[in-house]
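Same chain, two partners: chain A is paired with chain B first, then with chain C.
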Partner chain A sequence: MIPPPSLEIAVLVLGMVILMLEAFAERIDKRILAFATIGALIAVLIGTWFLAPSPAQEQATGFWSFYTADPLSIFFKRFALLTTILVLIMMIDYAPVVLASIPSTKKQTGLGEFFAIPIFTCAGLMYLVSAIDFIFIFVSLELVTISFYVLVSFTRHNPATLEAGVKYLVLSALSTAFLVYGITWIFGVTGQTNLQRITAALANPEIERGPALFGMVLVLVALGFKIAAVPFQIWVPDVYQGAPTPVTAYLSVGSKAAGFVVLLRVLRPFLMLPQMERLIVLIALLTLLYGNLAALPQSNLKRLLAYSSIAHAGYLLIGVACFDGPAVTFYLVAYLLMTLLSFAVLVIVAQQTGEEISDFDGLAKRSPFLAFAMLIAMASLAGVPLTAGFFGKFFIFYAAIAQRQTALVVVGVITVACGFYYYLKVVRAMYWQPAAKVDNISVNVLSRLAMSALIVAIVWLGIYPAPILEALRR
Partner chain B sequence: MVTLGHYLIVSGILFAIGFAGVMLRRSLIIIFMSLELMLNAANLSLVAFSRFHVQPSGVPDYNAQVFVFFIITVGAAEVAVGLAIIVALFRARQTTHVEDINTLKF
Partner chain C sequence: MSPILFWFFALLMLVFGAAVVVNRNPIASALNLVVSFLGLAALFMSLDAFFIGIIQVLVYAGAVMVLFLFIIMLLDLRAERLRKINWVASAGGVAVALALLVQIFYVIGHLTFSKQTFPPLARSEIDDVHNIGLLLFGNYNLPFQIIGVLVLVATIGAVLLSKRERR
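Up next, the complex of A and B:
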């Protein structure tokens, strides 16, 4: 049996080893580093099934009072590792773009770093989902955010990327400041930073609820930035469009999932305050409307996926407002599969033609496999039955109906209809428009394997979602 | 006599000045300074809370002061990466003015 914290330590050591190899082993092909990383992360992923049990949160002391290895956190550790592995596969496909953007006399300069920094992000995500203390949440969130600063502006000779990097930097740092100030106020009222003890302190009727609520609203602002909820979504379209495509995929899946796990954990102590629920319902409604309506006129696919990511944050927030953890988790799994699949296709097609939707014209003739993968991804994002996306939305709406949140259900269903329009626009371009070029697009074995696995997973979960639900119930 | 309230008011003012700086100023360096000011506002109130949350044994609550060290460390890391990005921006565009950064639009 492996003690749970050793997983993160293994990932951190791996990151440092890869960085050292990047610095000192100049002659090897840097892609080998990526393959080695993928192999090592798969080994860590297998290790998550052999974890030693951790002490219960209520009587935990020392290290275990800010770190937990409950089923939720172990599930999301696997989620983070899987995301990182798939993003690294995309990064191997993206390597020529990175190399072209770094003019250098030496061969493959900087490519190793491009493969090494996601490992640190992964470690940050794994710590974050285990964090049950505000100090630890803050530090691991910053590990994720600071490594994303580097990744977003990685191809820094491209002006759009650099601009995305600066925007992400300023707005993320602003959200950090809100998070810290919010935590300060919660600490000031309760005298605690541990979430369990905050719950206990807030149950005491003599405590002043007002300042604690003020602190919680500031923390919500900060988490709203991470999960791209309206009105804190301004950075999303620009950063998603400007960042290197694999990083965009990582940002939209890893960062968002971690944000939702923290949100579920942090909200628990504040649920007895009725104002909280009304606030989240309001944010969810705004996010649904903004994300779906602003996506309608987009012509750039990366920007379209950015608005779609805002829209999905809205559906997830419905689940949070009903406080249905399993529904949110299932939706996040479906979201991981379909978003990474669409970005994997985008990485390959964008290098051949471009990122506009019109660049996908006639893709079905040039590469039937890529077109089919994109078709499945878009159908699942829209929520067509027999895909994972359908069951994701089904469980979310089911929870909302059970909680009698009529406004959320009505707006949710209307916006799903909007979604069909803009997702199927891409499908129309691929299958019904003539191609500008006729040559075939080649896909390497590893990407083909990863994409096939994602397609199978989406369809399988769309027909038979029981395995994930079982894993969540435990 | 200086009470907890005085410290909290000062820290609130610092936070507001920092936020106003981020929203109103147009130079990236000054925006970054304002962000640090906001972090320091949180530090000040944390130390004040720690000093006034005296435990029954008469010892202040040191958890908050440890948190302050973490904030300072993380803030330093953020500045290191942030300034590197701003320097890269200046090299590429010869400007750190936010109004000149407008390639990405609807």
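Up next, the complex of A and C:
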């Protein structure tokens, strides 16, 4: 039996070992570091099934008043590890672009750090999903954000990437300021930073509800930035388009999932305040409409996926507004599978032709495998039955109907129809347009394996979603 | 502390803080920021938080600002040329800031404990530094350790992003 905190320690030690190897073993091929990291992270992932139980949250003190290893956090630790592994596989495919963007006389400059920093991000995500104290939430959120600052502007010689890096830095710092200010208000009223004790303090009728609500709204601003909810979404299209593609994938899956876990945890004490639910319903409606409508005219696939990421945040917020944790979690799992699959295809195709949707013309002839993978990803993102995306939306809408959130259901269903248009535009380009370039795109074994696994997982969960639901209920 | 001193230092902070944003010359902005930090340090002192007040002067007004000035001089930054002001955007920004301000005043106005006076804090047996050290290395040890990792990542990132490659 492994004590739960040793998982993150293992990941952190791994990150430092990789950094040391990068610095002192100059001769080795830097891609070996990535393979070693993937192997080690898989070992940690397997380790999550052999965890010792942790003490109950209610009377926890010291270490356990910051950190919890409840089923939700263990599930999302696996989620973070899996995302990091898949992103690293994508990064190996993306390595030529990174090398081309850093002019140097030495071989493979900067590649080692490109593989090492995601390990620290992963540790940050794992801490974040376990955090049950505002101070710890803030610190681990900053670990995630600061490593993303570096990753987003990694290929900084490209002006678009530099712009993305600066935008992300400035707006993210602003959102952090809101988070800290919100936390001070909540601390000022309740005198606590631990979520469990805040719940207890807010249950006291003598407590002042107004300032607590104000603090929570400020915290919501910061988390809205992380999950890309309207009106905190301004940064998303430019940053997603400018950042290196694997980093975009990481940002849209890892950062968003952790944001939603924190949102679910932080909202729990405040649910007794009726204004909170109305606010989240409003944000969900705006996010759904903005994300889906703005995605319609896009011609760049990376930008399209950015708007689609906003749209999916909207569907997830429906689940949050109904406070249905399992539905949100299932949706996030489906979102991980389909988003990472589409970005994995994008990384490979973008190096051959480009990121525009027209660059995917005739992909079915150039590489039937990549085209099929993209077809599954797009079908799942749109929510076609027999894919994981369908059940994700189904559970969310089911929860909304059960809670009688009519407005959310109506707007949700209409925007799903919008989604069909822009996702299937990509499918149309791949299968019905003549190829602009005649070549065969080769895919290396590891990526082919990862993509096949993602395709199988999407279809499997689309037919038989029980295993994930079982894992959540435990 | 007398309320006059509070208002003096608070106004000092606000005025010089605004000057940081308004000034087009980076050195003038940086020096304004120093004065603003000094005002903040004085406010901390007035709340009997001597350690934080001194750290504010030493670290922020001292070390960080010297670093800022060095960077400004090394990069040889000139005064920014005044761009045409986008009035719609500025008005929008002012409106949002005012809305936040009104909201804060509303919330504070409805607080019952903002209207009552409290007895002065009891003197602590041990000094500030000792207290903060006990908290940091005792109860808040875990976040403190994670900050170590955070600083490591920030250092790597800073080196990585500012390194000039030999061609």
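Everything that follows uses one rule, which is that the second predicted complex is superposed on the first by the 474 of 474 C-alpha atoms of A that agree within 3 Å, B and C clash if a C-alpha of one lies under 4 Å from a C-alpha of the other, contacts with A are read in each partner's own complex, and residues count from 1 in each chain.
The rule we apply is simple: a residue touches a chain if its C-beta (ideal position, glycine included) is under 8 Å from a C-beta of that chain, and two chains touch if they have at least 3 such contacts.
Computed from a prediction, not measured in an experiment: that's the story for all the values here.
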Fit-or-clash call for chain B and chain C when the two complexes are aligned on chain A: fit
Contacts of A:I117 with chain B and chain C, given as first, second, both or neither: second
Contacts of A:V170 with chain B and chain C, given as first, second, both or neither: first
First (chain B), second (chain C), both or neither touched by A:E277: neither
Touching partner for A:T109 - first (chain B), second (chain C), both, neither: second
First, second, both or neither for A:V150, with chain B first and chain C second: both
Centroid geometry (CA): angle chain B/chain A/chain C, rounded to a multiple of 10 degrees: 0
Which superposed partner A:E142 touches (first chain B, second chain C, both, neither): both
Touched partner set for A:G62, first chain B, second chain C, both or neither: second
Superposed arrangement (fit on chain A Cα atoms) - minimum chain B/chain C Cα distance in Å: 5
Residues of chain A that lie at the interface with chain B and also at the interface with chain C: 135, 138-139, 142, 146, 149-150, 153, 156
Parts of chain A lying in touch with chain B, wherever the complex brings them together: 135, 138-139, 142, 146, 149-150, 153, 156-157, 159-160, 162-167, 169-170, 173-174, 176-177, 180-181, 183-185, 187-188, 191, 193, 237-238, 241-242
Residues of chain A defined as touching chain C within the complex: 12, 16, 19, 62-63, 66-67, 102-105, 109-110, 113, 116-117, 120, 123, 127, 135-136, 138-140, 142-143, 146-147, 149-150, 153-154, 156, 208, 210-211, 214
Chain A contact footprint on chain B (complex, rising order): 8, 15, 18-19, 22, 28, 31-32, 35, 38-39, 41-42, 45-46, 49, 53, 61, 63-64, 66-67, 70-71, 74, 77-78, 81-82, 85-86, 88-89, 92-93, 101-104, 106
Contact set on chain C toward chain A in their complex: 103-104, 107-108, 110-113, 139-143, 146-147, 149-150, 152-154, 156-157, 160-161, 165-167
